[in-house]
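One structure coming up, written as structure tokens, with questions to follow.
Every chain is named by a letter (A, B, C and D) in the order it is written, and numbering of its residues begins at 1.
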Amino acid sequence: MSELRYEAPKTLAEAVALLSGAKGRARVLAGGTDLLIQMRTGRIQPELLVDIKAVPELGEIVAGNGGYRIGAAVTGMQLIEHADFAKRWPGVVDGVRLIGSLQVKGRATVGGNLCNASPAADSVPALIAAGAVARIVGPHGAREAAVETVVVGPGKTSLAVGEIVTSLLLPPRPLRSGDAYLRFTPRSEMDIAVVGAGVNLTLDAQGICTQARVALGAVASRALLVPAAAAALIGTKVDAAALARLAAAARDACSPIDDKRGSREFRLRTAGVMVCRAAGIALERARRNDG
Amino acid sequence: MSSAIGTEDLKIVGSRPLRPDGVDKVTGRARYGADVSLPGQLIGKVLRSPHPHARILAIDTSLALALPGVKAVVTRDDFPDMPDEYAAAGELTINYRDVTRNMMAREKVLYDGHPVAAVAAISESVAREALKLIKVDYQVLPHVIDVREAMRPDAPLLHEAQYTEGVSPKPDKPSNIAKRLEFSRGDVAAGFARAEVIVEREFNTQPVHQGYIEPQACLASTTEDGQVELWTSTQGHFMFRAQCAKLLQMEVSRIRVTPTEIGGGFGGKNNIYNEPLAIVLSRKSHRPVKMVMSREEVFRATGPTSGGNVKVRLGATKDGRITAAFAELNFQAGAYPGSSVAPASMCAFTRYDLDNVRVIGHDVTCNRPKVAAYRAPGAPIAAFAVESAIDELAGKLAIDPIEFRLKNAAREGTQTYYGPKLGTIGYVETLEAARAHPHYRAPLGPDQGRGVATGFWFNIGGETSATVNINEDGTVALMHGTLDVAGGSRAAMAMMVAEELGIPFEQVRPIVGDTAVLGFNFITAGSRGTFAGGMACVTAARQAIDRLRTRVAAIREVPVEAVIWKDGQARPAEGSAIRFEPMSLAQIARLAGKTGGTIAGHAEINAQGAGPGFGTHIVDVAVDRETGAIRVLRYTAVQDVGRAIHPAYVEGQLQGGVAQGIGWALNEEYVYGADGVLQNPGFLDYRIPVASDLPYIDTVLVEVPNPNHPYGVRGCGEVPIIAPLAAIANAVSHALGIRLCDLPLSPPRVARAIADRPA
Amino acid sequence: MARHHVRATVNGDAVEFLCETGQTLLEALRDELRLTGTKEGCGTGDCGACSVMLDGRLVCSCLVLGVEAEGRSIETIEGMAVGEALHPLQQKFLEHAALQCGICTPGILIAARALLERNPDPTEAEVRDGLAGNLCRCTGYHKIVEAVLAAAREMRGA
Amino acid sequence: MARISLSSGLALYTGGETAIELEVGNVRQLFAALGERYPELASRLETEIAVAIDGEIYQDALLQKIAGASEVFLFPKIAGG
């Protein structure tokens, strides 16, 4: 029986050193709400847990340059309770609110929701739509990567051995812009997204959509950024015709599977519905965000 | 037993005192199965089959036994084989030959999760490690999961020696159809010939789990002289004792079972699983052994209820009289025979007064865990089909669905198709109360629908024991053997005893007696707890009262006939010429030791005369036409409960049953992959309702007293789960104008029905 | 197997316990500290029966490692009643018949208290959302919601 | 003579008969008489069968009296969850 070790480094450098030293048999322990279950079911058998919660900068929410830096170990509840962040990025908070129960969000982190690499992670499409960037630190230094490039497949990330996502950077929020995330689940809470849709859009003074980002979750092997869906909104007043094109583009981008949570057919249909409803909420929020 | 007290005289029955088990439960003191520990205890764990169907060629436990910290390992070789022997337990009878195989596989494994070995070790982690070291050589066999497929002649066969019982002549080929049942009355063909409108439909339901939040847990300690103490979370400690004794070929007196507080059962804790394993592991290791199931084990290996395939045909005349009713019920039994198809067949049409009925039932084995009882076993499945068809028939006849039911309702004296005439029942009263309820007339919004359905359950009595000990200060220790499976029967029993003795409720302390201190008690099932337990407690209290009267007659030197018991006192009979100073219970108790000894009453009865229960439910739903999502907006459950001893706890039974029914209707189901492995053995993907899924569940308690019970009690716990499946399906069907016949009404299924609707 | 020596505060008392790395806070509370009021219903954070407060935050103790409790403050059901007095939530659960089997009750009480600390005057919908992480199979939640609303009224002095 | 009716499913073990008249004083005598008459039914009577006497259901009540003109039904026992 191999011994499972636990370390709680106080600096990022120590954390990176521990992770790189373990030759892939280490796991980052942030909130632990996915990791502990995977360990319990025997799906993973790490030899070292590196608890990153003692590294101060990973637990910070910092406003700066008009945007935000969220430490990767910030819990869901901390982010939800951050009034200014919630005002600027309500769609991201929509996503975070849906990560499990209050109990789970009391532990689960935004970085963990990303790095667990579930195609159905609720905060990820919202972060992708928001244009968030992951800051990554590893044995060979720091780099930045768009959130949509971090996950490459179920349970798989583009992180190299020893690399940690340390924070997520949210850009400045333009005037007349708004975001929203909606998901479909059979139950009202405590469920895994069958389809998730994040929409972030900006309007001009006439109410024409000038910029948009649309992302979908649970309809492919990872959360998708869907430029064609965004293109359906840009240049429109986000009217019924635009929404119909949005739904069609969203469905075209999906490559869902049949599984215990929903059929392929159902996911395709519902993706279009959810993305339109999310766009409607984002539109309302953009109209209200007029300075 | 009767001589019911009139309502007007009741002081405690019908009030709402605080439950005696309450403070322990809100402070964390209450001890459930996993909360009991003994010094030196080991942890037991079970190795389970990863295959749905396979022959066990060999089991090698040597590496596991060699692991430091492992103290004992058991396999099939540690348990005696059992011949076919039937006994009553739960729903259908059980066969000990099957029970021993379900507890520990012998020749074959028959489902994903079937136990093949168990270990006892010094810690959970060592036990888990040991399981990995046990080598089982399987010959994997083809499997069958679906009930309709299992019934086909070419289906993979679970039991090579199983020939369908109940058909004549005896079949020459074995089959997964373990049993065929038939109930009929009148001339169904003639009835359909006379019908002016006929509805014919086929319905399907998926297996659902009882979903108790406390996983099965037990602790066994076996001594060197063969005495066993067992603590377990059970609905029937006497039945568990009986089954352990039988399976381990022990004398009953050697096993003492103490039931822990039970964290939900709903029928799922009627049957033994790990208990005999823990006893033998303890015997082999000479240490106490504790075994707690994981949630995954609960889902994979303890009984869900059957999935069912039900065909219904109903005919009626244009004036709304049903002329003929036919149903075929095909139920999954899981790995071994014994589904709830018999009670389901007997419930299917019992709400109606019918001249021509035919019901056929099939009990079908397939590669799933052996089903267990679940709250009114089988009745919800049958009622889903029949009440959906009734709703459709009422619609075709353009008759209000409650009115249609009233036109055909069973009443006192109605001849059932399975046997007896019905006694005093309150079905019509529930229908009338539902029709008069404001809910039934409240306006509905767009994409909303209202559904009505009704439920019937027999309720049972059975063997029951209780002791009423009068303490030396005049307070009472009440010991009963029907476990309080949480509905509050312990409070209700104490209330009835306090009522009988004329003392405050708080002066009666009820406890559940273990198997060593009381006579036999059947499992708490069939809604018998407050009915039969109450009857035993009242009988015991009345015996104590007789003894109190006798003692006072001796003390006061008067004839016993001159002494009556009233308001907590022995006093002169009214109108009697013989006068004496009354004595309170406390006064008698203080003198008891010096006047012949302490006073107690006890009862060991087999309670008869259970009163059938009927309920009528109304539900409003909203359907999201784009996603197929259903939201329950409003729910009203009306039920004849006989008499509510503690109305708040009776309301709780109705609300809980309805919530389970809503889960069954909307989202709960066992999902198997093509490999025959259960895909959703957890609370994340087995979706029981959460608080935000449900509205308030309004209750209306109709009280048509059961004449056979001293306080008019009918059972009340099972009826409320019967109607919700059909009520919700009817509501959704009305909202969409599409008849939905398959459960659960999960969003993908509803969305598909909307999409497939002919334009 | 090496065990960690963990020091923490539980219900205001300084405690110490030993645990393996893989053991959860729930196991530490139940098996090491013998505080069995906190229940395990699933072990995967889906039922809420193991809810406790960890440094003032509502969590599932089955999803926290015992070793992570080092230096932290934990509140369990055993610390809810103060002296002889039940917490108003505990009292209202009794009065409103808001429990049946009671296995979910400790977790629900902890979650309800956390809810009322954040929101002393919740609506019915807010109570349902606040308890959505706690499964109850007996009650249909009806009387639980009523009891929480009644406790909230009493705690507000309304 | 008590009038005895058997639920239709039991007809399989009685050669099709579902209604007979018997002179019996209690359930035990009833089972004995039926068992003698229908050997295939005998093994089922005590474990699987409930009895309704004049509308009241009895399970496991061998000593329950059956009056001369009683109406008696035999049908499968009920339990529950």
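Heads up, the rule we're going with is that contacts are C-beta pairs under 8 Å (C-beta built on N, C-alpha and C of every residue); 3 or more make two chains touch, one makes a residue touch a chain.
Small disclaimer: the values here were computed from a predicted structure and weren't measured.
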**Q.** Most contacted chain pair (by C-beta pair count)
**A.** B-C
**Q.** Centre-to-centre distance between subunit C and subunit A (centres being mean Cα positions), rounded to whole Å
**A.** 29
Q: Let me have the rounded angstrom distance from the C-alpha centre of subunit A over to the C-alpha centre of subunit B, please.
A: 44
Q: State, to the nearest whole Å, the distance from the C-alpha centre of subunit B to the C-alpha centre of subunit D.
A: 26
Q. Which residues belonging to subunit B are in contact with no fewer than two other chains?
A. 125, 210, 266, 683-684, 689-690, 692
Q | Numbers and ranges of subunit C residues touching at least 2 other chains | A | 1, 20, 22, 43-44, 46, 129, 132-134
Q: Identify every two-chain combination in which the chains touch.
A: A-B, A-C, B-C, B-D
Q: Show which residues of subunit B lie in contact with subunit D when the two form their complex.
A: 86-93, 166-168, 181-185, 210, 266-268, 270, 342-343, 346, 373-377, 413, 418-423, 457-463, 523, 525-528, 606, 608-610, 708, 715, 718
Q. Which subunit A residues qualify as touching subunit B in the complex?
A. 1, 41, 184, 186-192, 194, 259-263, 265-266, 269-270, 273-274
**Q.** Complex interface listing, subunit B residues touching subunit C
**A.** 16, 18-19, 21-32, 34-35, 124-125, 210-215, 261-266, 292, 294-295, 485-488, 648-649, 651-652, 655-660, 682-684, 688-692, 694, 696-697
**Q.** Complex contacts: residues of subunit A adjacent to subunit C
**A.** 1, 3-6, 8, 29, 31-33, 36-37, 39-40, 49, 51, 53, 75, 77, 100-104, 106-107, 188-190
Q: Can you check the complex and tell me which residues of subunit C touch subunit A?
A: 1-2, 4, 20-22, 24, 43-46, 48, 51, 54, 57-60, 62-65, 67-68, 70, 111, 114, 129-130, 132-134
